[in-house]
Amino acid sequence: MQTVVFLSDFGITDVYAGIVKGVIKSHCNADIIDLTHNIDAYNLKSAQFILKYSYQYFPKNSIFLVVVDPQVGSQIKPIVVKRDSYTFVGRDNGILTFGDNFDVYEIDQSFDNASHTFHGRDIFAKVVCKIVNNNINLKKTYEYNKFDIKEVIFNGEEEKGEVIWVDKFGNIIMNIKSNLQAYELVIKNIVIKRKAQFFAQYKEGLFLIDGSFGFIEIATYMGSAARFINAQIGDEVIIRRQQ
Amino acid sequence: MQTVVFLSDFGITDVYAGIVKGVIKSHCNADIIDLTHNIDAYNLKSAQFILKYSYQYFPKNSIFLVVVDPQVGSQIKPIVVKRDSYTFVGRDNGILTFGDNFDVYEIDQSFDNASHTFHGRDIFAKVVCKIVNNNINLKKTYEYNKFDIKEVIFNGEEEKGEVIWVDKFGNIIMNIKSNLQAYELVIKNIVIKRKAQFFAQYKEGLFLIDGSFGFIEIATYMGSAARFINAQIGDEVIIRRQQ
Amino acid sequence: MQTVVFLSDFGITDVYAGIVKGVIKSHCNADIIDLTHNIDAYNLKSAQFILKYSYQYFPKNSIFLVVVDPQVGSQIKPIVVKRDSYTFVGRDNGILTFGDNFDVYEIDQSFDNASHTFHGRDIFAKVVCKIVNNNINLKKTYEYNKFDIKEVIFNGEEEKGEVIWVDKFGNIIMNIKSNLQAYELVIKNIVIKRKAQFFAQYKEGLFLIDGSFGFIEIATYMGSAARFINAQIGDEVIIRRQQ
């Protein structure tokens, strides 16, 4: 059965995600997996980061339905993006067009009875099923919106990065990787030098760790580094040689 | 495979929804979709609203399992309701019997080992599977509890409505529709006249919009109207001619 | 299809649970049910309690994937536990080895490219699929970590118990059962004597009730007993003869 992976900012207190699943199940045969519905409302940047570093863990040929969509109802068009063996469906707002190797398609069809407020239900879910049912006209386009989250690779020069995600455990994920070990991080005037290989290595205090997204994280054992530092998405971070 | 749609106030911090799914999977072959488990605890009115404006998006012949059930363990009986091609299973507390065109059935069977505190697990999940397995005696009844959420249609006369739901984005959903455009809303002494077709139309301030449930909503672009006004479920709203 | 039941402390604001599902779906054919992902972060005791009193509601032969894992990346090994017809996969941290009748297996294989921070994705999900695909070497072991949540059975002597879980509704679940009816509970200097058979029996005030996990709970009708008493996991409770 076709795997559909569903990413949105709908949250789970509402029924929006449930209704979208209902529309998909009504129109095609699909196995729907939730990636998460708890992207910060309207946060295109977080959505792109999450998607970019998650999609490769899903079965080849999966279709990703991405609904983080403050422009719903406006002239900004729905698109389909193909990358590796994967297909992505969503708004042309830049979330889907990260990196270099992908093709972008317009959908050569109108959705006459669509509401102006819920295209997840009225357009995107149906596009997913049209793809599953091989019943869609896609027209390749070279005009689309694009942004890429800045990713810092520390090679020895001091650089600025930022907090890109804070997870439930309070781990602080930054847009920074390193090729070297002799670095330290500065966040909110706190300097962190200590590096752990695994969380339980140091029983107290903050440390740096290579996180599961492939970026450096700030963590503390069985506690919330984010609460300790009061860190939030968007906070500035400096990476520099150990002093 | 039979689609079962599951609506409850169980939340997702507990295992109640998970256990109910386990019982269903143990007793029949079903594809279970969560509508939401985050109905306010015991809020029959919200549950009915959500159900009434969601069910038609699910595949024909779906079975809806509805567990919002403060009377669990009391004498109030489980019922099965049939409406269009859909089947609904839950307590006889009025959630399921909205509108006019439906039939109500009692379940001609006792569930001897049922607990007094968790009928989702001990009765309703098994009723769902008995329906799936076509192994149940249903007896039509004309005695059941009923309520209907008041729905206001503005035709030019001033009317009172109320806030029926506030979604994650802070959109304020009211039990009001309009046949006319020349209306304004008053909530907490704030008068709102401006109408948007889509959320991104006005970049700041409050506006009215035809929401995806088919009712008028109060919204603001990329922000929470509910937080701005401090609106909550149950707040009174007045709709009247523009002044 | 093989049922996999997934229990973790990943929460649902992150994508960790979603990614683990992606890895499972990439490696084997499985129907994944969420038990809950909202175990308190790192709380092995709560995880064991939830698992112990839930697993029997799932289909025979289900595989339970349990990721509550503060020791991720350390030397503490992954294990497979078999109990009744069920299989459990997780860290050797004691969650899985409750009670008496089970066998414990080491996994005779290394996972070379595993991260040090996300074994749910890099090891446990793959172990689940190796079991599903019948492609794993398991070696029985008698060396493993074990703990058991204390369970108090009141037979007439005063005993101490504790709050083991507080659910969304504010019901206070304790590690106490009773063979007798002539008991009372003391929590935070409040004495509770009244016993209800079902929640709606008393329309106000606190009461005791036999909860759905098989333990005594403190509840109040359509309200939160936990908020009323300010009760939390770990609070001490005394059960004694009615005075």
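Order of writing sets the chain letters: A, B and C. Residues in each chain are counted from 1.
FYI, a residue touches a chain if its C-beta (ideal position, glycine included) is under 8 Å from a C-beta of that chain, and two chains touch if they have at least 3 such contacts.
The structure presented is a predicted model; accordingly, all values stated were derived computationally and were not measured.
Shared contact partners of subunit A and subunit B, listed by label: C. The two sequence copies subunit A and subunit C touch through a face in which the numbers common to both fall below half of the numbers used overall. Its C-alpha atoms fitted onto subunit C, subunit B is found rotated by 120°, rounded in steps of 5.
Rounded to whole angstrom, the centroid-to-centroid distance between subunit A and subunit C, based on C-alpha atoms, equals 30 Å.
Residue positions of subunit A touching 2 or more other chains, listed in rising order: 12. Put simply, subunit B touches subunit A in their complex at residues 3, 5, 12, 31, 33-38, 50, 54, 57-60, 62, 167-169, 197-201, 209-212, 217, 221-222. Only residues 9-19, 21-23, 25-26, 41-42, 70-74, 115-118, 121 of subunit C touch subunit A when the two sit together in their complex.
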